[in-house]
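In the two complexes below, chain A is the common chain; its partner is chain B in one and chain C in the other.
Let's look at the complex of A and B:
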């Protein structure tokens, strides 16, 4: 645990600029969302939702580049000082992943709060369950099912290609992993944990608002729309992504230790 | 140009040969056992994607 704390501190020292930049960009997204003032509620909501989706996608890309800087650090031999430290390889990988995930979660919660504000501006009266879903459950679900495996895969990519640094075959390794991963997800043969987002049971405050927009009578409480928020942790997707990420972190950790050797 | 089944088969064989060569280079290119098996996993997956239509149809 002490090793992980040290590595997290090191990660904070080296990546805080990226983290603060990303979280600070929430101000820019807020400004962009506030600038969208179309006439119709539906158009305004659709455009603002599009901006939020783009913001999340950009966040994933920025965080991927943040953890991917490991490649340049290995090339510059910045980890030479850590080589003889008795810290298992997976902890090095885990520290990077955990720091990036915490930053990603803060960013996603910020976007969730922005979505809540968008709903309020559109005249929705959200109950506590809907607010918790927008601000906490959706961001956490996005981070666990999308961001976490993506960042773990980026770390595996970096360490896998770094294993071929001396033989100058890194470019072939990049092609193989970038082609092989989607192919394995399509054919399911080697990795059966491909990603499927489940049908999410949305809280009544949100569905009621959309029903009102569509001119449909609200379904209301007790009609199957209610979602127990802690229940989401039992979704197979979340468990599958945790197992997949654990496997990738284990493999990346092994690669780290073998490169040290 | 029409891709006849024979031409497709030749392309598949050529692609598999190329993959075999790539795997050979990757296997020789590192001393890391995990990288060996990962490269085998990825080339194997791509090879399976090439062979599969040949065996079960597109």
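Let's look at the complex of A and C:
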């Protein structure tokens, strides 16, 4: 445990600029959302939902780059102090993943609060269970089903290219992350992905909330109407992603053990 | 025997880093590993520390592969590699959390004797960073200390402090392997010298025997490798 605590502290020390920058960007997203003041409620909600979706996607990309900086550490040999430590390889991978997930969760909760604010501005009143869904369960679900396997995959790719001295080919990993997701979205569409990649249920989930809100009677805004956010947490998806991430972390840990320095 | 390389060859692509090298490292010796650039010194040290795996042959430390015995090894690489955010205080927390044999008391003594400033590594000079890295390495109570060019690119005053610290931290139950180009400055430390040329063992001799023959390590270096 002492080793894991130290590695988590090391992650905080080396990545706190990225973490604080990402969490600080919530202020920017809030400002952008507040600046959207179109006349029609449907236009306003469509634009605001787009901002939230973009903010979520940017969060995933920023955190991918944050954990992917391991490649630069390896290139500069800074990681040797970790590589030579008598600590299992998977703990090194786990520490990076856990820190990034905690940052991602704080960010996602911030976005959840922003969505809640958007609903309140539209005159929707949510009961306590719906608020919990919106600002806790929904962000946590997104982090576990989408962010967690994505970041584990980034770590596996970085360690693979480093362990087998493919550093010149590391751009392949970057391109896979940056281009692969939009390409797969175009190919299958959001709703198609919802049924194939459980993590992507988050994106149509957000859109679904706003669609539902946009469909309310025109007396909605300001007049005070009740909205119930349904539970979208699928425990099967969470279990599947936990197993998948566990497998990726195990493989990445083995690569860490095999890596030459 | 503390460590052993048994008929070890390391190949990088089409070139040899080391070729058919056999070497035994007993407990309690300070060994000077000497050779010109590209002679295979760093390859040998990385094989001993487990950072590289041999293409052929066997490397062992205390009877096991170096990777299995990481807790008994200290490796100080030649590159100026340290997290730039690391201050001496951060380094203390990092090392004590990762290495069970890290001695806080020894580390603080070394910080003092090596005159390391209390600022982050990114704001230190190269010599100050080298001294900080050395303090982090020598504060461990390991069995084998592998030091690759700890004097490289360091000013004269820092080199003197580093050499004094290595002498001061030496223990009879441990061995030190030191690779350096500063042969004349470091030769007083060595019990034994190992010369490498193009990845092949050129000479393995006790320093005392050289002195008895009226030769210095430096003159032998020039004679064997010149």
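Couple of notes before you dig in:
Just so it is clear, the second predicted complex is superposed on the first by the 190 of 261 C-alpha atoms of A that agree within 3 Å, B and C clash if a C-alpha of one lies under 4 Å from a C-alpha of the other, contacts with A are read in each partner's own complex, and residues count from 1 in each chain.
The rule is simple: a residue touches a chain if its C-beta (ideal position, glycine included) is under 8 Å from a C-beta of that chain, and two chains touch if they have at least 3 such contacts.
Fair warning: this is a prediction, and the values are worked out from it, not measured in the lab.
Looking at the shared chain after the overlay, A:13 reaches chain C, while chain B stays out of its contact range. In the superposed model, A:247 lies in contact with neither chain B nor chain C.
In the superposed model, A:3 lies in contact with chain C only, and not with chain B. Once the two complexes are overlaid on the shared chain, A:132 sits clear of chain B and of chain C alike. Legend: residue contacts after superposition of the two complexes on their common chain; A:86 is shown touching chain C, with no touch to chain B. Once chain A of one complex is fitted onto chain A of the other, the partner contacts of A:113 are absent, as it touches neither chain B nor chain C.
By the touch criterion stated above, A:32 is placed in contact with neither chain B nor chain C. When the two complexes are overlaid on their common chain A, residue A:98 makes contact with neither chain B nor chain C. Of the two partner chains placed around the shared chain by superposition, chain C is the only one that A:77 touches, whereas chain B remains out of contact. The part of chain A that touches chain C in the complex is made up of residues 2-3, 5-7, 9-10, 13-14, 73, 76-78, 80-87, 257, 260-261. Of all the residues in chain B, the ones that touch chain A in their complex are 22, 25-26, 28-35, 38-39, 41-46, 48-49, 52.
Of all residues in chain A, those touching chain B in their complex are 156, 160, 163-164, 166-167, 169, 172-173, 176-177, 179-181, 183-184, 186-187, 189-190, 251, 254-255, 258-259. By the touch criterion stated above, chain C contacts chain A in their complex at residues 46, 49-53, 67, 70-71, 73, 75, 77, 79, 81-83, 85, 90, 93-100, 136.
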